[in-house]
Every structure is written in C-alpha cells, then in structure tokens.
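Take a look at the structures listed below.
Same chain, two partners: chain A is paired with chain B first, then with chain C.
For the complex of A and B:
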C-alpha cells in the first residue's frame, strides 16, 4: 500500500515537473484559458452579476478539462514518439499505476487555469468572487480536478491501445464543456442528454463547486463526483491489462 | 536451460493500404527464430536493417506478443509470465529516444527507480554508483536535451541497470555514437558480463560483435542464417580471399559487371569519404585482380589490396546470400 502510494506520488511529481518545463506549452497554458474566460464573460456580460460569476466558475473548470482531454492525448502520443511509452510498459509496475499520475498531473496543471480565470474576471470584468462555504469549495475544487484526471485516465487507456485515439481527446473537449454544464445550465438540453451528463464526473464537480460558492448543499454532488472518479479508475484498471495485451499483439506501442 | 530461450519465434505485422478499398497486407518480420543464450554469456544478434533483430528483442522483453512460437527468460514465459520477466530484465535501446529530455538525468533515473521498485533507501546509492559506472557523475543535474548522443546512450545503460537485472538486452547501443564514445560504451558492456550478467546485444557493427560477443547469430530476412562463435563464423569464409579495390565514382553497371564475373562469390561496397571501396570475395587461390580492373573500365582506381577474410566478410557472405 505504501509502495503504491509512493509510486503514485512520485509519478505525479515527475510528470508535473515535466509539464511545467516547456516554455512554449507554458505560454499556451497561460493564454488559452484567458480566451475561454473572455468569451464566457462577454457572453454573460448582459446578465446579472450572479450570471457572470456562474460563467467565471464554469470557464475556470473548462481549463481543467481542456488541459486533461487534449493534453492527455498529446502527451501519450509524445510518449509513443519518444519511445518512453514502451519503457513504461516494459517496467514491472502495474501500468495503471504508471498512467494514473500522468493524467492527474495534467489536471493539476489545469488547476492554474482555474485560478487565472477567476483573477482575470476580477481584474478585467470586476466579477466579485464570493464563496459561501470556503471549506467545501476548497474540497470541491481538488475533488473535481482529481475526478477529471481519473476520467482522463480512462481515455488515456484507450490512447495506449489505439494509435490514433489521441484525436478522441480533441473531439471530446467541446461536447464535455456543453453537456457538463460548464457554461450553459443542463436544463437547456433535451432530456436524452441528461443521462450522459450524469455519467460524467465533471458535471457533478461543477455543481459541487457552484453549490459551495452559492451557499447550497454541495456534499451530495461532491460524493457523486468522487464516486464516478473512482468508478472510472476501477474500469480503467480492469481494462488496462486487456488493452495492453491487445497493444502488444497489434504492435501499436511504438511508432517505429 | 539457458538464461534466454527462443523457440520458433514468428512475428507478423498487419497493415492496410488504400483509403476507400482498404486492403490488408501481412509482413512477416521474424520467421521461426530459435536460439539459446547461456547464463553469463554475451550473445550477439547480427543483421542488416529490417532483418528482424529489434522485433525479436521486443518479443523477448514482452513488448510484442509472438504470432507463434515461444520464448522464455530465466525460465519465465515472455507471454504468460510477462511480469516476472520484466522484473528480471533491463532493456537499453540505441538512438535519441527513450528519455524524458526536459528533465535531468537524475530525474529520469529516480523515476525509473520507482517504476522498477528499487527500495527508496537504496536509490541514492544505486543511482550514484551507476552514474559513476557510465561516466555521468557530476552531469546528472543537467537537462537531458543538452546531452550528446554518447551521454544519452550512457544514461540509457544506467537506466537499464537500475534494478540490477541479471539479464540485459541491448538493442544497437552504439548506433550514432562517435568512435571514442562507442569504445567507452563497449568497455561498459564488456563489464556487464564480468559482473555475471547475461547480455543479448543486437548490432550491425561487425568489429563490435567480434570484440564483445562470446557467441552470435546472424539474422537476415527474419531467419537465422548462421550461429556460433566469432571464430566459427569466420571459418565460413576461411577458404576465400578478399580483394579490396578503392574506386572514385564507380557506377552501378561497373559493379554489376564485377558481381557477374566468374570466380566472384560476393561484392560489397563501402563508402569512404570520396571513395567507394569494393570488397570482392572469391575462392582462395583465384587470381582475379587484373580481370576485375579491366571490368571496371574507365573508373578511376586508387589502392588495390588482397587480404584475409574477416568477420565482416563472413557477415556479408551470409547476409548477401539471403538478401
């Protein structure tokens, strides 16, 4: 157990360190979420201050999801190009324990965009950040980040199996913004979309963050968010060995 | 039982071509490869590019599942007991890939030490020992992206030895490394067997194989065409003579005329700066020099020499025969 925790912790630290070392990615990471935030603020500027705050919280979680969905695909593809994916698979550590810290590290980097979006909204649009339950807010944010990382892990498992699955990450970026209610309330969507939204942890994480900021009851949302995150991880752990075996049989671990 | 055993290994790759009418294509990269490497032996797998060396090694280190046949490392099956195999092997490949370039050598080694379950209390000592062994002590905090190819290669070796594996796979470890760096790497590789490790080395540098290997197998077009000690392989061409003809700007037609000449068993061309050196093999005692010079016509000729065959000539004869 201690060994597993250490492997996860060291893996997370290693990948956070690596993700923060690219100045090019760093600049994109700074600029990109600010564009999301600006678009969201202009969309909601005509509404009440509450609507603007709603948008700013939504835009802040958009950055976390963007960092995980698109970056997870790109990172796995980079591992494949650089030949490190084969080394990670050839290591005796269970591959789930190798991959999970990679996607959680990406979600952690996305946390920056959350902070920068709120600061950007405050400085340029004068959005007052008022949080009713700070403790629950501070619990909801990391829980959402980790749950998004766990969803990223489930996606990453498929990226390992299929060489071109990295494009799936890009494909999922915008639909998840919509159907998880980051910018638009879920009540705006047809009924058939709801079950899909409910199956996605970011939906519940977003609700927990908003409820804790607005003084509602975030705990049920928070529990569902964490529960779904754990479910994704369990599914990922169960299928990863099967997917890896298929990847070894079909020779898709490297590009050469 | 040997430390490494391969029995009738076959590996087929499936690809497809076309956009609308996709057509499946099967390429057989390895066709029934069998060999055995004894405990503590340094065994070489020699062959030209695309011969199936890397595919064979990837099956042995559990990265590829054989299409048919079986293999084991230290008695563990590479498909059924992949986890047990992984704990006991180190894998080092050549070239620039396989490292996290944005981070330091120390970061890389610490991360892989975790993946290979090196106990935390031992990591510091083990990493320091390996940095010393590969001559990177003092440079470990620099980012890998600033390393030369030789330094990267040495870091690869340190990474592959972190968990002190009894069996080490080296896939073209000196490729692209400058002569001095390559010589140092060869010294490090030789030290591995002195430390009791079993090593499987793939290379297409004959002098390297001759220098390091206890035994070797030559692989061409996915099949083993010869196996034995360097002396055994040299014996294949012991009854031949090699004529070296230095030419400048020789054309394909002239080479073809030489190749078709009576008494010529094989011809290989080596590029040396501005010159192309033809290595012409023929049965010992055959006097061909004047005839070959005549066949080269107006080609500018430099030095001409007759010499005894080397391991490289044996390799050319074997690979050329099956190519």
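For the complex of A and C:
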C-alpha cells in the first residue's frame, strides 16, 4: 500500500515537473482557456452582468479540462514516440499505477489556468469571487482536479489503439465545456443531454465548487464527483488489462 | 510554365506530404466535428447570457474556424519541413520563392473554405437559423475571401516558424486572438475601443461582418467594401509573411541558423 502510494505520488510529481517545462502544456495551458474565458466574460457582461461570478468559476474549471483532454488522449502515443511504452508496460508495477499519475498531473497543470482565469476576471472585468465555505471550496477544487484526471485516465486507455488519439482527445474539449455546465446552466439543454452530463464527473465537481462558493451544500456533489472518478479508474484498469493482454498476444503494443 | 507547375503541383504535393490530414481519424474530429461544437458552445453561452441571436454565433464561429485549417496549415508548412529535415533542401533550390510558398497556400485556402462552409451549413441547420437563398452565393464568396485572409496571416506565422520551434503554441495563440478580437462572438461595439481598432487589421473581422449583413438580407453591393477590406487585410498579411520569410531565409544563410530555431 505504501509502495503504491509512493509510486502514485512520485509519478505525479515527476510528470507535473515535466509538464511545467513544456511551453505547449505550460504557457498554452494557461493562455488558451483565457481566450475562451475572455469571450465568455464579454458576452455575460454585455447580456447578464449578474452572472459574471457564475461564468468566472465555470471558466476557471474549463482550463483544468483543457489541460487534460488533448494531452490525456495522446498520453500513450507520447510514450510510444519516446520509446518508453514497452519499458513501462514491462515494469513490475501495474501499468495503471504508472499511467494514472500522468493524467492527474495533466489535470493539476490546469490549476495554473484556474488561478490565472480567476485573477484575469478580477483584474480586467472586476469579478469578485466570494467564497462562503472556504474549507469545502478547498476540498472541492482538488477533488474536481483529481476526478478530471481520472476521466483523462479512462480516455487515455480507451484511445490506446489509435495513433491519432490526440485528435480524439481534442475533440472532447468543447463538448465537456458545453454539457458539464461550466458556462451554461444545464437547464438550457435538451432533456436527453442531462443524463450524459450527470455521467461526467466535471459536472458534479463544478457544482460542488459553485455550491461551496455560494454557500450551498456541496458535499453531495463532491461525493458523486469522487465516486464517478473512482468508477472511471476502475473501468480504466479493466480496459488496461484487456488491452495489454491483447497487445502482448498480437505483438501490437508499438502499433508499428 | 515551371512556375505554374511549382505553384499547383508543388503546393498540392507538399500539402499532402507534410500533413497526415488525409487520415479520417484527424480530419473528421478536427475539421468536421470540432467546429460544430464550437458553434454550439457559443450559441448556448449566448442564449444563457441573453445577447445576440443564434445566427450571430453560427456565422461568427463558422468563419472563425477557417483559422484552424488556414493558420495551422500554413504555419506547419515551414515547421513541417524542418521536422522532416527538408527545410534546408527546399530553401537551397533555385525555384522562385513566390510560386514555391504561395503554391502551398492554395490547397490551404480551398480546405479552409470547405471547413468553414460545412460548419456554417451544419451548424446553422442544427441550431435552426434561416438565411435567404439569395444570400448564399455572396456568403460563399465571403467565406472564400476570409479563408484567403486567414491564410495570409498563416504565412506570417509560418515566417515566425523560421525563428521559433514551437509553432503549435504560436498557432493556437493566433487562433485565440482571432476568437477574441474579430467580433466572432462579441460585437465590436461591446469590445474596448483599442480592441476593435486592432480588429480592423485582422483577418475575419470584415468577412464576418459582411456575412452577417448578407444573412440579414443586405445586398451584395452593400458589403462590397467589407469584402474588399477583408481581401486587402489578407493580402497585406501575406506580403508581410512572404517578406519576413525572405529576410529570415537570407539571415539564416548568413548566420547558418536555419535548423537552429
């Protein structure tokens, strides 16, 4: 148990350090969501200035997903390019324990974007963030980040057979921004969209963050968010086992 | 004759060789699905915020998405050559530079036209906007001119690719600037004055405005000035890009820095 926790912790730290040295993941991870946040702030300021606080919190979490979706989709392909995938798969540790900290590190990088979006909104648009329950807010944010990282883990292992997985990960950026209620309340969507939203942990994480900031009851949302994250991880581990078995049997791990 | 051949055949070959985008696994998510979701995202934010009509966002985002194929593709024509270790060989040839580089822009413009047109048609149908049939040819021309203008800007970012290695980051930042400044989602009147002033010198601004007016029933003649302005902006960015490439090519020969970026 201690060795597992150490592996997860060191893997997370190592990949956070590595990602912060990449301009694509570092600089762009902060700047790119800011463009969308800026547009959203302008739109809400023009139409519903009262909703700017709502938009600011949502826009800040958008960056966490943006930092995860494309990068997680390409996580295994990146190991292929580096020539390290075979080594990691052959390591005595379960491959899921190697990959999970990678995607959680990607989501963690999104915290830069989250903070910068809130500061951007405060400085340029005068959006004050009032947090009623600081303790719950401070629990909700990392829980959401970890749950998004776990969703990224599921994406990473689901796209393992595709060389162009980054494009599939990139494709999921807008839909999750849209239907998880980051910038648009779920009531605006058709009824058939809502079950899809409910199956996504970022929806609940976003609600937990908003509830804790606005003084509501975030704990149920927080629990669902964490529960869904664990479910993604469980499914991901099953998928990892299946794809590794298939890859070994057919000798297709490198996809060459 | 050899210049024309270089322009058409060279451009098409380089485009196909440098991009793996004939693969449906990249083409469909990037060019077909993503623009539709971008349109839906801003349509719903617009509904939630209570500003502008669905048509405003469909037109703005469909045209703005032309920046993805145009800016990214042009940028990668230089960076891609470096990645393939062929940049030195390309620049060592005696081929005339205008057909060499502009030839690469032709398939990019056509691609940008189809991507933006598809986004406009499908996004509009999904959201349920109606555009008068008489406006369609005019809007098609506007999309073509807008794709040309974005490609002109792409040639400039391609030139920067001779100085900087991470062109993907650069192209994404250019895309974001176009998203914020050009009135794709925020009316220029709602932007600060300095932003709307900068927007006048960017591709998309005049094209989006022209397309919106045509969709609202304006005559083609009444938006002629906007279309001409869009074309002029594209031409100027193209000239800036071409000149910069020539200067940097010359510099790279003097300092032997072509592969160092």
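The definition used in the following text is that the second predicted complex is superposed on the first by the 238 of 256 C-alpha atoms of A that agree within 3 Å, B and C clash if a C-alpha of one lies under 4 Å from a C-alpha of the other, contacts with A are read in each partner's own complex, and residues count from 1 in each chain.
One rule holds in what follows: a contact is a pair of C-beta atoms (placed from the backbone, for glycine too) under 8 Å apart; a residue touches a chain by one contact, two chains touch by 3 or more.
Small disclaimer: the values here were computed from a predicted structure and weren't measured.
A.B. asks: Please work out whether A:184 is in contact with chain B alone, chain C alone, both, or neither, and reply first, second, both or neither.
C.D. replies: A:184 sits against chain C, while chain B stays out of touch.
A.B. asks: If you tally the residues of chain A touched by each partner, is the higher count for chain B or for chain C?
C.D. replies: So, of the two partners, C touches more residues of chain A.
A.B. asks: Quick one: is A:28 in contact with chain B, with chain C, with both, or with neither? Answer first, second, both or neither.
C.D. replies: Only chain C; A:28 stays clear of chain B.
A.B. asks: Scan A:14 for contacts with chain B and chain C and give back first, second, both or neither.
C.D. replies: first
A.B. asks: Figure out whether A:88 sits in contact with chain B (first) or chain C (second), or with both, or with neither.
C.D. replies: In the superposed model, A:88 contacts chain B only, not chain C.
A.B. asks: A:48 in the overlay: touching chain B, chain C, both, or neither? Say first, second, both or neither.
C.D. replies: Second partner only.
A.B. asks: Across the two complexes, what residues of chain A are contacted by chain B and by chain C?
C.D. replies: No residue sits in both footprints.
A.B. asks: Which chain C residues qualify as touching chain A in the complex?
C.D. replies: 20, 23, 25-26, 29-30, 33-34, 37-38, 40-42, 44-51, 166, 168-169, 172-173, 175-177, 179-180, 185-187, 190-191
A.B. asks: Under the definition above, what is the set of chain A residues touching chain B in their complex?
C.D. replies: It comes out as residues 3, 6-7, 10-11, 14, 17-18, 21-22, 81-84, 86-93, 98, 245, 248-251, 253-254.
A.B. asks: What residues of chain B sit close enough to touch chain A in their complex?
C.D. replies: 13-14, 58, 61-65, 83, 86-87, 91, 93, 95, 97-103, 107, 110-112, 114-117, 120, 143, 159
A.B. asks: Sort out for me which residues of chain A touch chain C in the complex.
C.D. replies: 23-24, 27-28, 31-32, 34-36, 38-40, 42-48, 51, 55, 162-164, 167-168, 170-171, 173-175, 177-178, 183-185, 188-189
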